[in-house]
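In the two complexes below, chain A is the common chain; its partner is chain B in one and chain C in the other.
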Partner chain A sequence: MTDRDLVARLELVVAIPGVRAALIAAVDDGLVVHEAVMGDLAAEDVAALVAAFIRRGTELAIGVTSGPPNLVQLMATNGIVVAAAGSEPLWLIAVASPDTELGRLRLLVGDLAGQLK
Partner chain B sequence: MRVLEPWVAEPLTELVRESGARLALIMTASGQVVAQYGFARSLDVMAASSLGAGILATTAALARLTGESGDFGAVVHQGGGRGVWLAGFDTPRGRWIGLVVFGNESSIGLIRLFFGRFAAQLAAATPGPVIGRELLAEGFERELDQSLRALFGTEG
Partner chain C sequence: MTEIPPPLTGPAPQLAFLDLGERLRRRGQLDAALSVVQAGVAHYPTLPEAHDLLARIAADLGDHSGAIAAWQATLECSPGHVGALKGLAYVAFRQGDIATAQDRLEAAAALAPHDAAILGALDRVRVARPATLVEPLPTLGANDARMVLADTQGMRIVGRIGDGQDATADRAAAEASGLVREATRTTRLLGLGDWQEIIVEGPAARAIILPVEETALLLVQRPLTTPVGRLRSLASRGVAAARTWLARGEG
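Up next, the complex of A and B:
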């Protein structure tokens, strides 16, 4: 998959109404690999914080269920984060407003992350 | 944590707490230590500060050679279990350097994020330059002793 292909897939995610950013990040170092951002959201900051959240969530999931998570979802008062695992250490991360069509977003993020493998 | 300048304490505490850093060292561009967190021996601090200042000076020269305006901003050394983040930042007292050692519980991204906030907080909290302060010559050894006592208490 070329860089252009990856960016095209991220643009599919941000085309969903309410999505503010879609990015591919390496969760081991918390750095952005590719990004598509609407507005002034700081993709680098999002990648660092979500990567830390995913690492801790993975530790929790392994401790509780004996297996790592494939999809992580965080529902907050003012936003949603959906992240799906691609090939290690890459994750596809979407940041959206609370009124976003969540089912569609989860499906698309999961599908596209699977294509990173 | 030990600090020579009291306004450094709060931003450094936040940097360490939020980023999960294991060691931190704040120094002037010439390698004079301003604050440290996590170091147990003064020799380690002196070695780390001089090496850190030297690395940044070297990479700044490399930056000029490769056509980069200014310096590279940050230098990261990543090992299997530990990483080192080394970056310069501007304060009202001139250019300072931060050296942060982190483990696998943190990441380059987190250190980058919280170091940026630290540098901004510190720049806002730092008073202007001190006029006429004795830095070298006959006062050097006395000032060095005072600094080491402040950074390490009675041990040295």
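Up next, the complex of A and C:
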């Protein structure tokens, strides 16, 4: 998959109303691979923090879901994080406002992450 | 030089009653099978396979209460015993308690996600179950291995998860607490406010974490066959039940 293909996929995610950022990050080191950020979020911050969250979630997932996680979701009063696993160690991460169509966002992030090679 | 004997195959001689009991059961000699296995259970009261076989013989005899008691004894010896969960689901289904049958099969499916027999039975039970808007809330006690109430320092207060073992539940409580701390840090530094809900999806199951009070959290697990919206609804009602449980000072 070319860089242009990856960016095109991120643009599909940020096209969902309410999505503030979409990025592809390597969770082992928390670094950004590609990004599409709207507004004032720093992609580097998102990648580092969400990667640490995913790594911690992996420990829980192995214990109670029979293996490492495919998708994690974090809801807060002012925003939502949805992240789905691509090929190791890449994850597709989206940050959105609380009124975003969450079902649609989960499906799209999950589908596109599965295409990450 | 002394010749080394070949390794024994099959069950140890003292456990031969399991093999004999099973063969008698399959031949339909249920009373004889029952006598053999009851004697074996008396000698090995902590052997889960003995209780499981006793339960299957009782079920074949139509003794539902005896089967339930024996499968519950199996779970006491081996929490998360898939055969016992399937057996309890079978008896519940025969008794018309479709909700309990579904509950037991979902617990079995979480432990054996690729068991086609369990997944097939789960489909049949779901078809048989009348549509309801509200799923009964599992208990916070020891018999439902899919929900853990913990404090925010990672100490389990009540509940079990996964294979039903205390160690697994303790580890899950600790990991859930650690994940909440990471969520708190993430949402604060990204300006997303206070965390409200965490969902983690793995190969066979989905787990959700919700805050119960400032010092407690609830972890609920269901197989992936449970829709995520239903899991959220169930967990929200679980939080209400947990608050009541804490307020009463149960346990």
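Throughout what follows, the second predicted complex is superposed on the first by the 116 of 117 C-alpha atoms of A that agree within 3 Å, B and C clash if a C-alpha of one lies under 4 Å from a C-alpha of the other, contacts with A are read in each partner's own complex, and residues count from 1 in each chain.
As a working rule, contacts are C-beta pairs under 8 Å (C-beta built on N, C-alpha and C of every residue); 3 or more make two chains touch, one makes a residue touch a chain.
In this text the structure is predicted, and so the values were computed from the model without any measurement.
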Partners on chain A (chain B, chain C) - clash or fit: fit
Winner by number of chain A residues touched, once chain B and chain C are compared: C
Which superposed partner A:Asp28 touches (first chain B, second chain C, both, neither): first
Contacts of A:Leu49 with chain B and chain C, given as first, second, both or neither: both
Partner chain in contact with A:Pro17 - chain B first, chain C second, else both or neither: neither
Contacts of A:Val95 with chain B and chain C, given as first, second, both or neither: second
Partner chain in contact with A:Thr65 - chain B first, chain C second, else both or neither: second
First, second, both or neither for A:Thr77, with chain B first and chain C second: second
Distance of closest approach, chain C and chain B, by C-alpha atoms in Å: 9
Common interface positions of chain A, toward chain B and toward chain C: 45, 49, 52
Residue ranges of chain A touching chain B (in the complex, touch as defined): 25, 28-31, 44-45, 47-49, 51-52, 55
Parts of chain C lying in touch with chain A, wherever the complex brings them together: 110, 113, 161-162, 168, 171-172, 175-176, 178-179, 182-183, 185-187, 189-207, 219, 221, 228
Footprint of chain A on chain B - complex, ascending: 78, 106-110, 112-113
Residue ranges of chain A touching chain C (in the complex, touch as defined): 41, 45-46, 49-50, 52-53, 56-57, 59-81, 95, 106
